[in-house]
Amino acid sequence: MLSFESDYTTGAHPYVLQRLIDTNLISQPGYGNDEYCASARERIRAACQCPEADVRFLVGGTQTNSTVIAMALMPYEGVISATTGHIAAHEAGAVEYTGHKVLTIPGHEGKIRADELTDYLETFYADGSHDHMVQPGMVYISHPTEYGTLYSLAELEQIAAVCREYHLPLFLDGARLGYGLMSLRTDVTLPDIARLCDIFYIGGTKVGALCGEAVVYTKRNTPACFVAQIKQHGALLAKGRLLGIQFDVLFEDDLYFKISRHAIEMAEKLREMLTRKGYRLFLDSPTNQQFVIVDNDTLASWKDKLAVSFWEKYDETHTVVRFATSWSTTEEDLAALEKIL
Amino acid sequence: MLSFESDYTTGAHPYVLQRLIDTNLISQPGYGNDEYCASARERIRAACQCPEADVRFLVGGTQTNSTVIAMALMPYEGVISATTGHIAAHEAGAVEYTGHKVLTIPGHEGKIRADELTDYLETFYADGSHDHMVQPGMVYISHPTEYGTLYSLAELEQIAAVCREYHLPLFLDGARLGYGLMSLRTDVTLPDIARLCDIFYIGGTKVGALCGEAVVYTKRNTPACFVAQIKQHGALLAKGRLLGIQFDVLFEDDLYFKISRHAIEMAEKLREMLTRKGYRLFLDSPTNQQFVIVDNDTLASWKDKLAVSFWEKYDETHTVVRFATSWSTTEEDLAALEKIL
Amino acid sequence: MLSFESDYTTGAHPYVLQRLIDTNLISQPGYGNDEYCASARERIRAACQCPEADVRFLVGGTQTNSTVIAMALMPYEGVISATTGHIAAHEAGAVEYTGHKVLTIPGHEGKIRADELTDYLETFYADGSHDHMVQPGMVYISHPTEYGTLYSLAELEQIAAVCREYHLPLFLDGARLGYGLMSLRTDVTLPDIARLCDIFYIGGTKVGALCGEAVVYTKRNTPACFVAQIKQHGALLAKGRLLGIQFDVLFEDDLYFKISRHAIEMAEKLREMLTRKGYRLFLDSPTNQQFVIVDNDTLASWKDKLAVSFWEKYDETHTVVRFATSWSTTEEDLAALEKIL
Amino acid sequence: MLSFESDYTTGAHPYVLQRLIDTNLISQPGYGNDEYCASARERIRAACQCPEADVRFLVGGTQTNSTVIAMALMPYEGVISATTGHIAAHEAGAVEYTGHKVLTIPGHEGKIRADELTDYLETFYADGSHDHMVQPGMVYISHPTEYGTLYSLAELEQIAAVCREYHLPLFLDGARLGYGLMSLRTDVTLPDIARLCDIFYIGGTKVGALCGEAVVYTKRNTPACFVAQIKQHGALLAKGRLLGIQFDVLFEDDLYFKISRHAIEMAEKLREMLTRKGYRLFLDSPTNQQFVIVDNDTLASWKDKLAVSFWEKYDETHTVVRFATSWSTTEEDLAALEKIL
């Protein structure tokens, strides 16, 4: 069955696997103290043009979000997110499990607005009983968002300015960061993100790795006792090399960017094909996720041939579905899809 | 200074204090095993017309909400509340601190609607990825709400029916329950609440006690290891007698109801006075809290004479403030207020 | 039935009740912003000879321990305690519920030793894998201990010196502090405790109040967002006046010390009586709790006449029981006891 | 540098890597719903001779321990462990972070004793104030233990009998299970463990995998909402296939057992060599970890040639170190070691 269901249905980029084989029998210290982690860290620092950045490797997206957020907040603080933010909606309460509230503001195709963030904060501090409320302690955004949309550089700068004004760290969830950076319609670079965010992560799981997310602390703001803390969260791998090796390969010779660009090219063709075939887009996504309104009969007809993701009910007779391309999507996949569509 | 700031600005009903004195030197076991707790429990069961009810005494409202909710939920469950619910907005994240998400649905002057609750639950269970979300595990309502409004019996019955259909316990926060039950405009009785809710509490702090909330488990559903659990939450009083004595007095000779009715009578006079004086009500509250839109100059002029609660900004030149009456409000207070208004 | 079961079987000192009556109808702001709290705070500062101390009022012992400890620790830190410490053994896991481990070192009749504390810390920091362990973040002691024993001033100074060396705050649980300070066999004063401890509390519940513990932050070290944090823990009373009034009375004219001394005098007579009657003491307690080894037949014969606390099994035919005196113990109680013994 | 530092210093068994390559481009559903997980599950069920077993895959040992324990316990329960148990000593408080206390009983070279477990439970239930304590809710053992030791079948049966009597689930941490099962000195089989334990896991990380632990629920006792719960703990991998593939290979043609046996053979030779060379064993371990008392000068001389693990200080001039063999240890490694020794 042809799958455009998600960007995590296949394994890892072949170069990643090859490196696992090449390094397999070399003894290395555990817990991220291996030389591959060190090399990957160095490459990522360079790609971010942020020599003072600290880079740490965690295993998956929800783990990274909840662990990073819990380490950054004081116990009485919460994290501000769009109502549609992954941490607010689709992480099974992982943030709340660590004792912190997700404070929601409106999402606009997944994005928050600097002015609404300011309103939220002004209202909070103007409220005489705000010491009976959860104190805002961080701002969370995703880029690309859960809807595949992207912040412009100007938007990011505005949000970052509000965060600075209110002394709130800005945390960017980059589970699909490569697909955002390589979009044909973005003016945001990795160094921009490193400059504007206090913490962000570069997603590996959905961009060529078997697993792994590279967390970047850009402002000499790595949490104290980092190893103890991530172990406390069950997020410390004995064989940290598994993460180091993968990111070392992905950030060698711009592989991360090249394979992301490939996925974007596939997505552009996919969107063109969908439009050409008369499908209606649910929103205009410049990244690897494309959201399409499909009538339910058509959707039913795909059942055994084509896997896509249910997104939400559109109306009684239509459904919003998601098509995702990835580093592993091929021209053949697109050709096969065209036949089905 | 004259105070209509809240219903917790004075001490306790004189009968409560007298009983504290009368019983003071009688030795009793600790931790709620005293005879006053037993007597109070029996009186509350009778008032609820619910002989199988279990009644337990906790100290304050936020403590009761977070402890009761945490004991009722599985770790992966959240509690559904109006966005304006006290647990969602004004308890400093006490529920989240126990690891549980507050799942919000719209509030309508503080009240949730059965149809919107149904929508929420239907959408949740229809979502194929709901195992990546927080499972709903309880429904929380307040009565009176944070806006002083009340559910009608029909509304409560509809909400309770939805809860039963989805096997969700219904929990009613009755921090001001007396003022709801004694409203001139309610068709809901204490036995109705005991019949429709799985758990609710009868507020003492705001209705004649120094402190204390009586939690009623109506369906043989007291949590296991109750004493250990409330101790774990820091909610077990060594001198449990303090709570037992107070509720024993409040539920003797209908004192709780009589003093609540008095507060309602004062509130009715207050509202009449406000209206008569040309003040605009923010909403129509049938209980002891009255919300008024005041122009900022007037408000400033009260500064040293009259204490009321800031509620929210209405517009650039007006503010919503709350007046609260209580068991201790007197005709003299109203007369003094009239002069100021 | 005559009760020496504990120091919390009766109500409050009559002066406390009288003040509740005297102040009952005076309107005061809620949440500890009342004038009684302010006055009590000032009196306690004076009694501690610590003008920069911050004093806050919480409701009960377990609540105070878990809330204070959770506020003081970073998420990855634990609190060091004797294995027999109240937080380690008899608080239903309240500290762990906040996510923190209680790190135990040996207890000697309830007391820790400075040298063993040093050993623990040296071993911890010498262990190359200590970043896989819980970081020590605070030292907890109780005074009097759970066994009624007391630290000497020299012992306290040694422990405080270790804490300073390792940058660990020293927290003293003074649930029965009055009975320790007024012991006939102590060289420790309240100013000593304020000088040596970073945080401690003065127990009210067991020393003349209905409820309440006064937490003293001696080093300008009150946790940030204190009100929000204690509300998050369910520890913020709406009618904070209840706590303020009680401590204001207890620290007026040295009442706290006088009633504690009375309990000590009763305990000395009790011990003399027990020894005279041939009872064997389990340990030598200089405070209001006396631990006695009783043969099981004797214990059975007291069943309907005399309440004492089971402490632990001594051997097959003997049991350790606790007798406690308090501010409310009378000469008549002792005379009645003598008849039974 | 030659490394006997641990059993997680190299990558994965070559068959595991080969299978990752072979399956790399086959699209599979995420979150453990892939066919490799299904196949691995079936193979593990067969190896356990437990057709009703449910098998779930998590990423690492600490994550598995804390997630499994938190899912099994009620909020007021703790888990019983040896004081030296990994969860008690070396997991950075991961269990406490989920709100649960680790209740410790003595460890004897890492093992608990059934009689001491019984004593603990009898004493607990005999204590009249046990509702002020943490309720025991599970028993944790490791096999092999942290000291490389093993339970005999008789010992396991005795512990399991106590657990059944007290209705406590028995949870076995098998992070190194293969090395225990393939010891030359064990009478315990995998089906024995499946029969006697309620939950256990088969360690992959230390036995041939890059990462991964296979949790086996043997008594139709999988926790409700399993996927939501492990996601809440940050333990759900998007590419669950990574875990499924690895365990599918490890349980094909007994690979797991064969490579474990190899490590044991290497360990036996290692021990023989150490003894022959005059080294003193710290304890008698029948598994892949060997603990040796080394004088500090010798240890210093190894610095740049041989990596071993510091275990603990033995005396002023000696140190206990750990040598570990694994599936990847070779005869050449042993020969190189002999030269150094």
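Lettered A, B, C and D in written order, each chain numbered from 1.
Keep in mind that, in the parts below, a residue touches a chain if its C-beta (ideal position, glycine included) is under 8 Å from a C-beta of that chain, and two chains touch if they have at least 3 such contacts.
Everything numeric in this text was worked out from a predicted model, so none of it was measured.
Student: Where are there more C-beta contacts: A-C or A-D?
Tutor: More C-beta contacts join the chains of A-D.
Student: Among all chains, whose Cα centre is located farthest from the one for chain A?
Tutor: The chain farthest from chain A, judged by C-alpha centres, is C.
Student: Express in whole angstrom the distance between the two chain centres, defined as the mean CA positions of chain A and chain D.
Tutor: One centre to the other, that is 33 Å.
Student: Taking each chain's centre as the mean position of its Cα atoms, how many Å separate chain A from chain B?
Tutor: 42
Student: Report, in whole Å, the distance between the mean C-alpha point of chain A and the mean C-alpha point of chain C.
Tutor: 50
Student: Scan chain D for residues touching two or more other chains and write them down.
Tutor: In chain D, residues 75-76, 91-93, 97, 99, 131-134, 228-229, 231-232 touch at least two other chains, as defined above.
Student: Name the shape of the chain contact graph, picking from line, ring, star, complete and other.
Tutor: complete
Student: Would you mind writing out the residues of chain B in touch with chain A in their complex?
Tutor: 75-76, 78, 89-93, 96-102, 126-129, 131-134, 310, 312-313
Student: What residues of chain A sit close enough to touch chain D in their complex?
Tutor: 1, 3, 5-6, 8-12, 14, 17, 20-21, 23-30, 59-64, 66-67, 91-94, 97, 205-206, 210-211, 228-229, 231-239, 241-242, 307, 328
Student: What part of chain D is in contact with chain B in the complex they form?
Tutor: Checking each residue of chain D against chain B gives 70-71, 74-76, 99, 131-135, 224-225, 227-229, 231-232.
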